[in-house]
Structures are given as C-alpha cells and as structure tokens.
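Take a look at the structures below.
In the two assemblies presented below, chain A is common to both, partnered first by chain B and then by chain C.
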Partner chain A sequence: MFQLPRPAGVPVRAALLLAAASVVIFLCTAALPGDAADVLGGGRATAEELARLRAEQGLDRPLPVRYLDWLSGVLTGEPGVSLITGRPVAELVAERAAVTLALAVAALALGLPLTTALAWAAVRGPRWARPAVNTLIVTGAALPQAVVAAALVAWLSTAWGAFPPVSMLPAGEPPWHRPDLLVLPVLTLALPTAAYGAALLRGAIADVVAQPYVRDAELRGLSPVTVLFRYVLPMVAAPATRLFAVLLGGLVAGTAVVEILFGLAGLGELLVTAISTRDVPVVQNVALLAAAVVVAGLLVADAAAPEAVRS
Partner chain B sequence: MRSQFRRRTAAVVTAVAVLAGCAGNAPAAAPAPAGPPAAANDTVRYAAPGSPSNAVTDPHGLLPGESDMVRMALTYDVLTVPGADGSTRPRLATEWRPDKTLTRWRITVRDDATFSDGRPVRAADALFSLRRMGEKAAENFGRMAMFDLGASKVIDDTAFELVTRKPYAEVGRALEGATFVVPEGSDDFGEPVPGSGPFRPTARGGAQAVVYERNDDWWGPAPPSRFIEVRAVPDPQSRAQALLSGQVDLAGGVPATLAKQQEGNSAVRLLRRPGATLYPLVMRMDTEPFDDHRVREAVRLALDRRQLLDTVFLGYGEIGNDLITPKDASSPRDLPQRTRDLGRARKLMADAGLAGGVDLTLHTTTAYPGMDSAATLISQQLAGIGIRAEVSLEPADTYFSEIYGRKPFYLSYLGGIPFLDVVRVALTPGSPTNETAWKDPAWFAGLDEALAEADDARRSSLLADLQTELRDQGGYAVWALSDRLDLARAGLSGVPEGIGFASAFIDQVSLDG
Partner chain C sequence: MRRRTAGALAAWAGAAVLVALGGRALTGHDPAAVGATPWAGPEPGLPLGADGLGRDVLSRVLAGGQDLTLTALAAALTASALGVAGGLWAGWNRGRLSRAAAATADLLLALPLLLLALLAVVALPGPAAVIAGTVLGGTPLTLRVVADATAGARHAGYVEAALARGERGASVLMREVLPAHAGIIGADLAQRFVLSVQLAVALNVLGFGPAPPAPDWAAMLRENLPGLGLNPAATIVPALALAVLTGSFAALSHALTSRDGAP
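On to the complex of A and B.
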C-alpha cells in the first residue's frame, strides 16, 4: 500500500485501516434490505407505527449523520444501544467475549502446530504421502464447519460417547470451567482453519526448502526436525505470523456456525442474529471488533517479524 | 487474585492438554458427558426456542422468542392466563365485570401480591402496564387496540376501570398472557424491573442462561422447584441434543424427525401440544385469480391434506379443515372435513374461465421448519387442477416485511393464537396486514354483534358462525396443524399443556413428579 515512517507510522496505519473498515461495515449495514423497525413490528405494524419507531431509533436520519454518530460513540466509549433489546452493545459484547475468545484462542493454539505440521508434511513429508497430505489440506480447507461439526459429533460423541454433542455452558460461569464442553467446538474451528492455513503456508515453506543452505543442511545429515526448526521456520516466521494474525481474526469473526450448532452464546451468534434482525449498532460494533483483532494481529506480526526477512 | 489467576491458567492449560490429547486420538481420556450437577433436583433446566442475542428485558414490546416469553412469565404476574381448555383463568386479576353496555369493565386485582422490592401490587400498577403496552402497540401487534386506555381509570388499590372502544365481551381473553404487570412509573427497561411473579431472576445469569429462584412470597401455588434455568437455544436440533445428553431437563420445540427416533426411548418423554402451529396458504381476495371465489374453493379442494401432514410434519398433527383457529374455544366443532375432490375443483376452475390453467408464483421461506417442502408439495398438488405454481423460496429474515401482507399467494405462519387475535392482526380492513384482503362489511357487523353479546353461549355460537363463513368464503386454506413437540427428561412434571401463551407458564415444573 503506502509507506509511512516507522514506528510512528504503525498506529497511524492501524487507525486508517480501522477507519476504512468502519466505512465498509457501515455501508454494508446500510445496504441491508429492511430495518429493525420492520423486525420489531413483526410485519404487522402500520406505516405510521413504523415511521414512529424509525424516528425513535434515529433510523430516519441521513446516512452521514448516522455514521458520524456511531464513530463518535465508538471513540468516546459509548458505541450504542441494541435496537432490539435496548441494552448497551458494550454489555452484550462483554457478556460474550469470553466464550468466543476461549474458542478462538484454543482453536489457534491447536491450529498453529497443526498448520505447520501439515504444511511441512505437504512439502517435505515422505514422498509417497505428499499427494495424500495435499488432498487432505485442500479438502479440509473446503469443508464447511457444519460438516466438520456433524462428523466430529458422530465420531466423538455419538459413537465414542467421549464428549457431549452440544455445549450448554453453566449460567454465569466462565467457559473454561467446563473444558469438556469446549472440545468439539474448538476442534470444529481448528481443523478446517489448520488446513486452510497449511494451504497458504506450504508455498512459503516450499520456497525456503529450495534454498541452497537448506539443501546443504540436509546433505550434512541433519534431522528433518532440526532442519525445520533451525533453517526453515525462522525464514517463514514473518509470513506465518501474518497468516496466524489473519486466522485469529477469522476465528473471532467466524465462530457463528459453531456457536449456533453447539448452543453457545458468543460474538458470532450475536453478529449473525443481529444481521438477521437488522440490529445495526450491534452488527457494526461486533464487525469492527473483529476487524480490530485482525489489524492488531497484523501489527504484532509486523513488529515481531525480524527486519531482515520482512517482505 | 494471584491464586485465582493461577487457577485459571491451570484450567486453560488443562483444556489445551485435553485438546492436544484428543487430537492425538485419545478420546478415552475425556470426561463422560455432562450429567446434572450434584443436588440438581431443585433446578429444572429448560432449553427454549429463541436467541440469546435477542434476549429482551422489556415485557411490553416485541418478545422475539419463546424463551423471552418464558422469562417474563416467571418474573412478572399477568392479569389472566389461557387455560389448557381454551377458557380464561384468573391470575393477578381475580374478577373482570362489565357494566350493562359492555364498554366499562371493573377489573379487580389481588390484594396479596408484592413486587420484589417489597411494594404491594396495586391496580394503578396494572393500568400503568396496560398503558405502556398501548404505547408500544407497534411492537406488540396492537394488543391493547380494543381499549380506550386514556379514558380508563384507577378506582382504588385493588380495582380499575377499563374502557373499551366498542362493546367488547371478551375482555378477560384480551388480558390473557402478555399483560405483564410492572411497578407504576417504570421507565428504564435496560435491566429487568421488579416483578411480582412466581420466580425472580438471580445474579447467576449472563448470555448463556439465566437462573431464576422461587419467590417464596408469591401468592399462588408454591412452585415445586427452587430454581429454573432458562436458556435460549436457536437451533431445534441442538435443543434436542442438549436434552438427550442430559444437559437440560426440558427441550422445547424439537424437530419431528428427532421426536420420531426417540419414540422408544424410556429415558425421555415426548410432549405433544396439538394445534400449536399452522402455515396457512394465503390467497389474496383482491388479486386475480383469487378474486373469484370459485378459484379459492378449487384450491381448497385440490389439496391432499393427509399427504401434506405426513410429509411436512411427519404426521405429528392433524389435518386442517380451513379453520384458521381450530383450537379456539369458540371454533365450530361440527363441520364436515373438507377433502380432496379434483373433479369438483376442475369444474370450478373451468367455471371461472381457467380451464386452460393459470401461472402463479407461490412464495415460501425457511423461517419455520417444513415451510419450503410444504410449498413444493402444494405446488405439485395444484398442478392437478391446472394451477402451475412456481415456488419462490424467499430469505427468512425479510419474509415478514417483504412477502407477508404484500404478495397475493404465499405460505403464512400462525402460532396458536386465539381467533380474536387473528382478527385483530390479519382480518382488519384497511390494515397493511390484512393479508387475504378480507373486507365483507356484513361479517364485521356480525363480529361487532357477537362481541356485544353478553351471554357466553350465544356469543360463542355467533363467533363460531363467523369462523365458518371465513372458512368457506375467505382467502385461507388451512391444510394441517402441527403439534408442538417438546422432549422432557422422564419424571419431569408440571409442563403446561396449552398452546400459545399458555405454554410459557412453566412455574409448576418439577423433577420429582
């Protein structure tokens, strides 16, 4: 994109990225057909009643005014109130953040080594196994979460009885009090994510292993694990860290299917339900939060990546 | 603080270890599926249809999910409730008595109810709550439309006068279910306001579920369970799985396919509530070809109701007789069942000048299970009389704002509501939601006459005649009614039997029954 002097450029870049994201999010919510007044009226309110509801909710104001109103709310720490429940969005998000973060972080913790292992196996595994690993990566990355969830439930719950098929977390307790209830949701998130990550990472690894010093190391008889950790991973650290930042953002924003299938009340379910009920303040803020996670991850990746290999 | 942090860290580490172990194919090391926690017999856990994201706290606006209705019915008292047999039962209101004109009603409320903050419940609180419902008419389907709440007034602490716009003999029924009473002057509903209901919300809550504790000061029959946990679970399959894995004691609204699988399972009990849901076929009477009575009748005669019931609801229900509220206490009981008669239907089409058939679009959606397959099957059945109905599957989230009340031919939805409620929301001339464009002046005069009839039996018979006329002349084809299916842990008792609002009053559930 554009270059700004470091390190002062980093926060500026982040702010610009988030501002751009906020405009896109706002325009997307504005483009949705219908609004919260239609939902509250249940399709059964008269035109005058709907007009009154819209006025009460500020939905009759021009788009730029609504956008600036939201933006100033975000900047002053009062991002808005749900149009459907009347509750502050910050409160709705706070109640659900723990579940979604627990899922996303655990899925990433599991997905990270799995991504690396799969990508390595696809490039440097036993020659006979590589086509199979590549097929596994492509298939796994393409599988919808609902299918993964159904397969895991059939295997680990119905057949083995190892884990419950749904996850009714105890009321008012943090999710990590019941890790057994998080296993299947986390696996459902982690497996396709790892396959997707491996699909993107294997190219970078292939480039590195083609380098003469890697060949040299291999010819010197170093074990594949040593080669991986000493010569390959440091060189792919920058793209890999960026990839993981994007994956984490995707996990935070992409938990909806898993949350609904397993009966968890998290940010994903909140986002999807709010879209369907046109609860614009909720949609905007949850989407912006997901964007912020991605941006923060990218910044961390940039900062963590060694200067020499930064592309 | 530090030790708590360490405990949490340990829990996370354990979680990751369990996950890692699992990824390494060692599911045997995993804990057994969750059973009820120790000493859980005083907690009934209910997975109700609804979404945790829509959990409203205002009892007088839109209650988007059944879970919301259940939470309100535990927290607040209502004036009257629908009985399982369709009659109106007293609750906070002990008596409702009209003057001779049936326009001024004296409503008496109990003198022994108190809000959770210790204040007594007074008639002023009840009238305040009804007025609030009136103000929020757009969000509660105009539930108070028959009342002139400005002219109504408080008489004393236990009585108020409720004024109706026209003579209205069914005031008891109009106060059923949703008339949640809150303290007079309540204006901030961001958090639940004090209620006088059988249970009280506890601090043990949040997005996942809310725990209610028995209100030992409640005036009514003591609830047998000390706690009720209400959890909104949007996916029907997940609700059923939650019950089957022992994580809840009652799962509301489970899929028929799953109910069928569990028929032989003695650990669970299938509860059926007849007549809970119908997807009436709407034919708009001011639009061709449905402006011709013969076409509407031909459609009703072309439907194979048994096949629809067996396919769409897997037989869990009963075939429809085109009565829009067959479970209403005033619904006519002695009408012959309408059956498929293709010969007569084709003749009616020919008489209407449509012997060569007609092309139509039939709109449907996936908002409720089976609506899409119902439309497909109806389209196939109507081909038998020359109606070439192309099924158009619409997005669920805009169906009730874009299709409902606007298109001439579509599948609608009704969830166990009484006849007079259907009249108010769907059969009022000039209203945007008069989906069939029903406007026969004589019929509405007959309705006013029925509602001005003080004698219960006579009024019921007048209302029955109106429903018969609507069935034969109107724009609805009601082909089947589906049961509401709940799964309960064996031994759970006290689940209410009725449909609609009746099903929300779960205060008498018990695990010891």
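On to the complex of A and C.
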C-alpha cells in the first residue's frame, strides 16, 4: 500500500518531490485570472497604474525568472511580503505556526494509539466485536471532517456544556494557555484519522497475526497486550511508519477545515484567507511549507523503516 | 450471502444519490427565501425550524445535496475512468513507460488530496477544483489497483485461452479482464466517490463552494454550527445527510472488496 519507488537515495527523492511540489504550487498561483497588480489596485486602478504596479512587483518578467526569484527568496529566508497586509510572510507564518503545530501534534498523539487499538480490535478483538469494529472503521474513515465536528459539538458542547463550541483564541496567544479550546478541534482531527489509519493498518496486522510464531506466543499463554507489543508491532513497523507519513499529510491539510470551523487563527486559516483574497505570496509559501512537512514525514518514514522489513 | 449484502448496499447507496439529486423537486418553499424567526425551532409549516437568517431548514436540506452530489459523481467517474484505462494499459504492458507512469502516480500520492484541491481552487471554480483534486489524488490509487489486477490476469487461463483463440489484446482486456474485475473496480469507484464528497465538503466548508444564498449541506454545517444550541436540526440534519451518503458508499465498497477476498 505504501510502496514508493526508490530510484535514488532517500534525500534525493525528497528534494525532487519538494521541487516538483514547488513547481505545481507556483504554476497554480501563476495561473490565477488577474494577478497581484489587480489585487493591489483594488479593481479601480487605471491601465497605467496597473502597468506601474506590475513593473514594481516584477510581474512583467517571464515565468521562469519569477519562479527562480521566489525559490531563491525561500532559500535565503526572505520568501515575500503579503499583498494585503504588507507584512513579511515569514512573520505571519511564525505568528500562527503554534496553533497548527499544537493541533497536529495533539491529534497525532491521540490518533496513533487509537489507530493501533482499532486495528488490533478489528483483527484480534473479541470475535463478537470484530464486525462492529470493522463497521466503525469503514464508516468513520468515510465521514467528512465537518460532519465529525458537528457531531462532537452537538454531543460534548451543546448537550453536556463541556467545551466552548467556537473558540476565540486571541491572535498571538500560545494555544496551550487555553487547552480547553483545543479539545474539540483535536478530537475532530484525531477520530477520522484513527479510523482511516486503522483501515490501512488492519491488513498488515492480520498478515503478521497469521504467522506461526504469533500463534505460538498465544498458545504459550502470553497476554494479548504482550503479544501485541513484543511480536506484532515490531513486525508492522515498516508499514506503520509510512502510515504515519500519510496521516501527517492528511492532518497538515485537514487542520484548515478545523481551524475555520472552530475559529482558530492557525496556518490553515491563513492559507484559506490568502486563497480567497488572492494573496499570492502567502498562498505560495504556506502551501510550500505544508508540502515540506509532508516530505519530511516521508523522509522520516523511510529512514525509520528497517531495511530488512521493507517490501 | 455476501453477494446479497453487496446488492442491498448498492440499492441503498443508489437511493441515497437519487434522494440527494432529486430532493430539490420536493421543496415547498424557495430554499433561499427569508421569512421565519431566526433559529426558530420546529413548528407547524417549518418541520425542521429555521436557520440564522430565518430560512426554512427543510427546504435547504432537500435542495442542498444536488450540486455537491453531482460534482462528486463527476469527479469520481472521471478519476475512476482514467485510472481504469491507465491501469489496464500499465498492467498489460509491464514496460519502462508503464513503470514511469506508476512512479508519477506515486509522486502525486505524496501530496495530500486537500492541499492539491486547495491549490486547484486558486485558479479554478470550486466544482472544477474538486474534480481536479480527485483526479490528481484518486486516479493514481485506481491505476495501481487495476494495474495489479491486470498484471495478475495476464497469464491466467481464461486470458491465455482467449489469446490462443486469436483475439486481440484490447478485446481480451475489454471482454475478459474488465468484467472479471468488476467487483474491484466497483469498490474502487465507490471509494473515489467517498473521497470526492469529503473533498467537496471540505472546500465548501472553507467557503469555496456555491455562493452564499444557494443551499448546500456542507455550507449549512458552517453557517448553522454557532446556532446549534438554538435549533440543533439546522446542523444535525445536513450532517446526517452527508453521513448517510458517504457511509453507504463506504459500506458498499467494503462489501465488494471483502467478497473478492482482497483486504
């Protein structure tokens, strides 16, 4: 399921992947009907003013030159300036990274054990419970995030009054000062992620469980937990680390929906706002950052997967 | 037994799509008309109450699935058709070119689906971005599944018999290989549909869907979440509609794959 081709070394592949992502990102934003000059001109600028703005922004230069210009800016730490607020993109990103990081780390910390538990229950749980767990995994992975969010708010916030339904975290305040605001967003991210992850991990666990040494261990009377940690999990390490990378990728993009729904000012909200106001420098750099996180996840997965178990 | 389960699930999923597509015809009121008290609870004439602008929730639910379902169907069918065609070709001719196609597909898989769709929405209208995202992120998956199945069938008895009868490769693929893997392809198509609904819901929640007065299940979730304590039906009913739509296709896909013995 997670086999990626290995034509070159892992770092080379990661660099290629990131370069390809940067080209895709640049072409998508360059294909915008109208350009940055239209945004800056506010729709009322005359043709001469637009031409002057274009020359100022360097938009009259050919595409490859603009691409290389952006790339060298990213590599030297000066990726650009927001068209709307006039502030450096690096500053905007630094301000909002904490919220998104807190959401993603907490969702992974909750999601990974839950993934393992669900996958194990589907394969080795009590026989009567297995169909129910499988149904839970299949339908849970299919639910759109916004539906999970609505269900959680209805259950935990409205019916129990437990957590604020829409959080108003003051911009710039570290999210861990108000952990109660993060509970619903983190659950919204973690639950479908765990179901999706379990759907993928289930098969790998079933393969290992069918091995004779696992049946031996069970017949020797070892507890299910010991069997899981000592005999099963080490053998699924390779698919599980790739699974980690896939889930991380889903979370990186998925936080956008959660941040918008729950009113958190993170990177996803920054990206979505920038797309709707056509703030091209912000879109380019936040998207590239997201791609870089995904590629980093794949790198870690490749490095962590033991050579012998690679398929 | 399994076959009957899959048949029942297929009928159920088909009915869900028909209701989503045809619900608009059943609306008594204009779904965009304003008139009731904001967040009014259920009352005679307003079975599901009103939303924050005083619009009839029932009419909005009935009409709000059409665009989303049509977009998702178009996206799933496009991604699946491209993936099946590419997979049959790549699995039949295991050459350098088909390996290159598989490598490109893997490259696309490394980028998250929603990120691809968000980038597409920069340049394209919402529904087109859903189709683009599903094709970029879903076609590689279909391609891999179909290519593996086709490569496995390449030397199967029924294929060799057909080739020995003198049938051409293309006709063997269409008449023998494709029907033999209808279950896998159907399951994959259902999975693509689930993914594209998820993608459409995400984009519409983020505000890239139909323009505001138009009713849409996903946009209703965002609009009505703040009023959940006042009129729960305004959020819960569209959420249920989306859950039934995606859940029935996911269950259908699961039933089809487990019948074929695939994990």
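In the analysis below, the second predicted complex is superposed on the first by the 267 of 311 C-alpha atoms of A that agree within 3 Å, B and C clash if a C-alpha of one lies under 4 Å from a C-alpha of the other, contacts with A are read in each partner's own complex, and residues count from 1 in each chain.
Please note the rule applied: a residue touches a chain if its C-beta (ideal position, glycine included) is under 8 Å from a C-beta of that chain, and two chains touch if they have at least 3 such contacts.
All of these numbers come straight from a predicted model, not from anything done at the bench.
In the superposed model, A:L261 makes contact with both chain B and chain C. Using the contact criterion defined above for the overlaid structures, shared-chain residue A:Y196 touches neither chain B nor chain C, since it reaches no partner. In the superposition on chain A, contact of A:C28 is made with chain C only, not with chain B. Touch criterion met: A:A206 reaches chain C, while chain B stays clear of it. Using the contact criterion defined above for the overlaid structures, shared-chain residue A:P144 touches chain C, although it does not reach chain B.
In the superposition on chain A, A:L53 makes contact with chain B only, not with chain C.
Of the two partner chains placed by superposition, chain B and chain C are both touched by A:S276.
Put chain B and chain C next to each other and count what each touches on chain A; the higher total goes to B. Of the two partner chains placed by the overlay, neither chain B nor chain C lies in contact with A:F244. In the superposed model, A:A291 makes contact with chain C only, not with chain B. Residues common to the contacts of chain A with chain B and with chain C across the two structures: 33, 157, 165-166, 260-261, 275-276, 278.
Interface residues of chain A, counted against chain B in their complex, comprise 33-34, 37-47, 49-50, 52-53, 84-88, 92, 95-96, 99, 106, 109-110, 114, 156-157, 160-166, 168-172, 174, 176-183, 186-187, 190, 260-266, 269-270, 273-279, 282.
Contacts from chain A toward chain C in the complex involve residues 3-5, 7, 17, 20-21, 24-25, 28-29, 31-33, 134-135, 138-139, 141-147, 149-151, 153-154, 157-158, 165-166, 202-203, 206, 249-250, 252-254, 256-257, 260-261, 271-272, 275-276, 278, 283, 287, 290-291, 294-295, 298.
Those residues of chain B that touch chain A in the shared complex are 8, 11-12, 14-16, 18-20, 22-23, 27-28, 30-34, 37, 45, 47, 51-58, 61-62, 64, 137-139, 141-142, 189-190, 203-211, 229, 231-235, 238-239, 241-242, 244-245, 247-248, 396-402, 404-405, 425-426, 431-433. The residues of chain C lying in touch with chain A in their complex are 99, 102-103, 106-107, 109-115, 118-123, 194, 197-198, 201-202, 205-208, 218, 221-222, 225-226, 228-229, 232, 235-236, 239, 242-243, 246-247, 249-251, 253-254, 263.
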